[in-house]
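First chain A sits with chain B, and in the next complex the same chain sits with chain C.
Right, the complex of A and B next:
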């Protein structure tokens, strides 16, 4: 084999390899973005159906904002929404406090960091239905407590805390402890050290923890089903309407379109906030 | 955690009385790590204990909300005798298929996202797009699939209008297909995120070095990227498989009630107030999770062991 033919051969092999890689990348992108579309297509379609004059028809014919006006006349959704907001605010506050208390110290602990983190993140790998039924059995059957808003707050908190903690740790694990030591050397009191140095640097983590808690609570369903008692949250209202195959499907579409838009806006905002803090 | 505290109180108890105890306790309480341990204690009491108690209940009998304090394997025998173990098999199959789809598509996607995506903006956009689904109402976004896949839904209506089909395709909704379709999307981020983070930690120089030494891209992928991304892959598989196994919303809305999945069974048992039975199923789900995690950890240990032996073989 002469040097020239060998060169030619190597060149062709390299070209074939590049082409194969190109095909692989295209397949990857089609699959990846295709599945991402599977997430968002239903949300977009939800919005389309909410303004379709016949939401039960396959192809939307004409569009109307009438269903949204209907929200003012049929206000059964209002009470569940208020309950949901109350719970979400409580969970959000709990998340902010606990994520701050735990998240700011956890990266500095000398012992027991890994098992503690594992215990806190455990709900991420326990299916919601298991948390729901277990909380019900323990608090209702063994401790004979009445289910209600408090048990909803509890299960929502169990679900949201790992996310809030992660949001906090993203910020706090980059925190330079030497700043606090320097402040102590300069005679700052513990409270002043926290307020003047830690607080400003950790604020975005606290805000993220609160937003995660709020959003996860607002849309939580699988755990709520078991522990709601007679309380009805907005997702439970949606769920009940879905299961009864009622004729109020247009109401559900409108309501959830609004909720989805708010959720998407808030979550984009909180992730963006966190990203900006990490970069700077 | 409390050993330090106990030690300190013990050492002071000989010298002084109650005042010393009190001072030591106050000092510990005012330290900054005290809230973490206190919170961890409450967390265990409120979250970990219920799980244990439920496992205990599954071994007891229950009549409605009342517990009969007699040990019995009744709930588990029921599962075998009523043929409900089929539900376990069906759920595991579904979870396995959905996880496999997510892994096969998610791994290359994560790899592209870290190593090939050209602009920072695009990466951020995709990252954002994969975070938002955690905050969407599961029932609302699943319910819409009925309007898309149903016999009068979007797809059938469009195909009929184009005269591609004469009768609506029935298997699109209330079938295994619709359940898988409804599950793949929402749990895709659970797979991509951990793998993305693991690949992010792989040094570009390692990949470059492998290429410089003459390895084909396939060989680099097999010998460098996949082993280093393994922790992320394992985390992704667990984070996908486990919640899919326990998802109660998608199978109920898109399964049409013809075939039961694990979560349906837990719900119907709890509606029928058979709480011992529901607890047994919840315990089975947890056990399956634990087994899955253990298998993966062992697998990983053996892999590192094998690599250690191989490395020593090369140097010897």
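Right, the complex of A and C next:
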């Protein structure tokens, strides 16, 4: 092969590769846009319907804020919301504490790290309904726990903990334990080492764990169904209302729109917090 | 409180800075420290030198309190028995190889941390931290973030942070490990000057013989969990007591033989029928007929055209020559085996027959087997 033909061959190959890269970029853009649409279109649609005069028709038209006013006159949702917030705060606190306790130690284990991590994360893949039934059978029937706010906190915690742990591990697995040795070397007691060095460097992980706990608890339904007893959470309330096909269904559109906006805002905030820490 | 520039001002001590006797440390079946003893005087700069896995870092960690030895006959720091005391209750401070600066604190906060945990008030902290930063020539970096610093600056901050607590001993764990060649040479001189200025006790760990030789008052050469030789840089470099120390100090020419004659320190060693003359490195004279090694630095060898053989010389044939810039390493084939000579100017062509010679005081002869 002469130098000229080889040159020609290389240039043809380079053009072909450039075309392929172009196609790959387009496919990525289409997929990204498509997935985003699939996820967010229904949320936006719900928002649009919540300001339509006849949302049950399924099509928007003659816009009104009437349903939002309705939320303030018909306040049956208020009590379930308060219950849900109480539970969410409790679950969030539990998640922060337990994710910190487990997450700061897990990356430092010399042995058994992988199986332990798997054990902690397994509830992620167990269907919610199964967890709900399991908890009901075990805690109510076997341990005779009274179903209500405590059982709800329990199942929500079981559900949220793996996410909280992952959020903490993103931060704690990058924590350089040699910094603790340096602090000890400079005279810091175990408590000061935790408070001055670990705590500030793990804060974003703790916050993320709390956010996951709060949000996942606030919107949890399948597990709650089995263990709620006579307690009604906001998801249980909206679910019951939606199923009943009553005249108040339209209020649900407003309520869910508000929940969606608040949840998204909190999620964006926690991801941003996490990203900021990871960068530095 | 003692001033950082005068660490001994308020203290009167007669006991050594460190007295470690019979330290043993095992990880499972691996013996990292095999009955190690080391005493370091106040104001001394001692380097623990050895290859990786020799136990040198373990020894430093035992002194620092990061590792609890399996057994210790004695472990005193400035006269205080520190066995069972964790790192935060020992009056030592470490400059880590990776610096371990706190990333969420400024340079000033890092330097002040040791004072903060000791309950020093902010104004006093600031004054002492600024003084320590001035000492390492970083006066203008007090408010900097750690990630804004270069590698050399980080190392200086690590120094200032450790020095400001006025430790009885400053431990240096491969302090130059992460620096480039040029900076490393500068820092060697600077650290040594700092240590002299402060009259402080420094214990350094390194695998670099050059660092050990340039910086130390004494060097402890470690191998397989033992200190093979403890001595001044000149003693270690010129009078290695063991084959290991000889080869670690760059003596590429090591030959085993039998002692034929002893005259004071001068020993005549029979190596494959050739008599090599050199100085005995051990404390006690060897017995005639005992096995010993002879070691010669390639830089201390002269090669000349035949027939000027020299009285302690050998005849060699040039095998190869490797150009190293400042000198050329010539490998010669001799009757006692391959022989390396580093020469400055004259580099004979391959195959040439030359005379190899050296002064007897440049040939170290030592016992084979147990370190003395």
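Simple rule for what comes next: the second predicted complex is superposed on the first by the 247 of 280 C-alpha atoms of A that agree within 3 Å, B and C clash if a C-alpha of one lies under 4 Å from a C-alpha of the other, contacts with A are read in each partner's own complex, and residues count from 1 in each chain.
Simple rule for what comes next: a residue touches a chain if its C-beta (ideal position, glycine included) is under 8 Å from a C-beta of that chain, and two chains touch if they have at least 3 such contacts.
Source: prediction; values computed, not measured.
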item	value
Partner chain in contact with A:128 - chain B first, chain C second, else both or neither	first
Of chain C and chain B, partner touching more chain A residues	B
Contacts of A:196 with chain B and chain C, given as first, second, both or neither	second
Which of chain B and chain C A:186 touches, first, second, both or neither	second
Partner chain(s) touched by A:89 [first = chain B, second = chain C, both, neither]	neither
Chain B versus chain C as contact partner of A:176, first or second or both or neither	second
Contacting residues of chain A [partner chain B, same complex]	17, 21, 24-25, 27-29, 31-32, 34-36, 38-43, 45-46, 49, 55-59, 98, 101-102, 104-106, 108-109, 112, 116, 119-120, 122-130, 133-142, 154, 158, 163, 215-216, 219, 221-222, 225-226, 234-235, 238-239, 242-243, 252-253, 256, 259-260, 263-264, 266-268, 271-272, 275
For the chain C and chain A complex, residues of the former touching the latter	64-66, 86-89, 92-94, 96, 98, 100-104, 113-114, 117-118, 147, 161-162, 165
List of chain B residues in touch with chain A within their complex	1, 32-33, 35-36, 39-40, 43-44, 46-51, 53-54, 57, 62, 65, 67, 102, 104-106, 108-109, 111-112, 116, 124, 126-145, 147-148, 150, 152-158, 161, 181, 184-186, 188-189, 192, 216-217, 238-239, 242-243, 245-249, 252-253, 263, 266-267, 270, 275, 278-279, 282, 285-286, 289, 293
In the complex, chain A residues that touch chain C	176, 178-179, 181-189, 192, 196-197, 200-201, 280
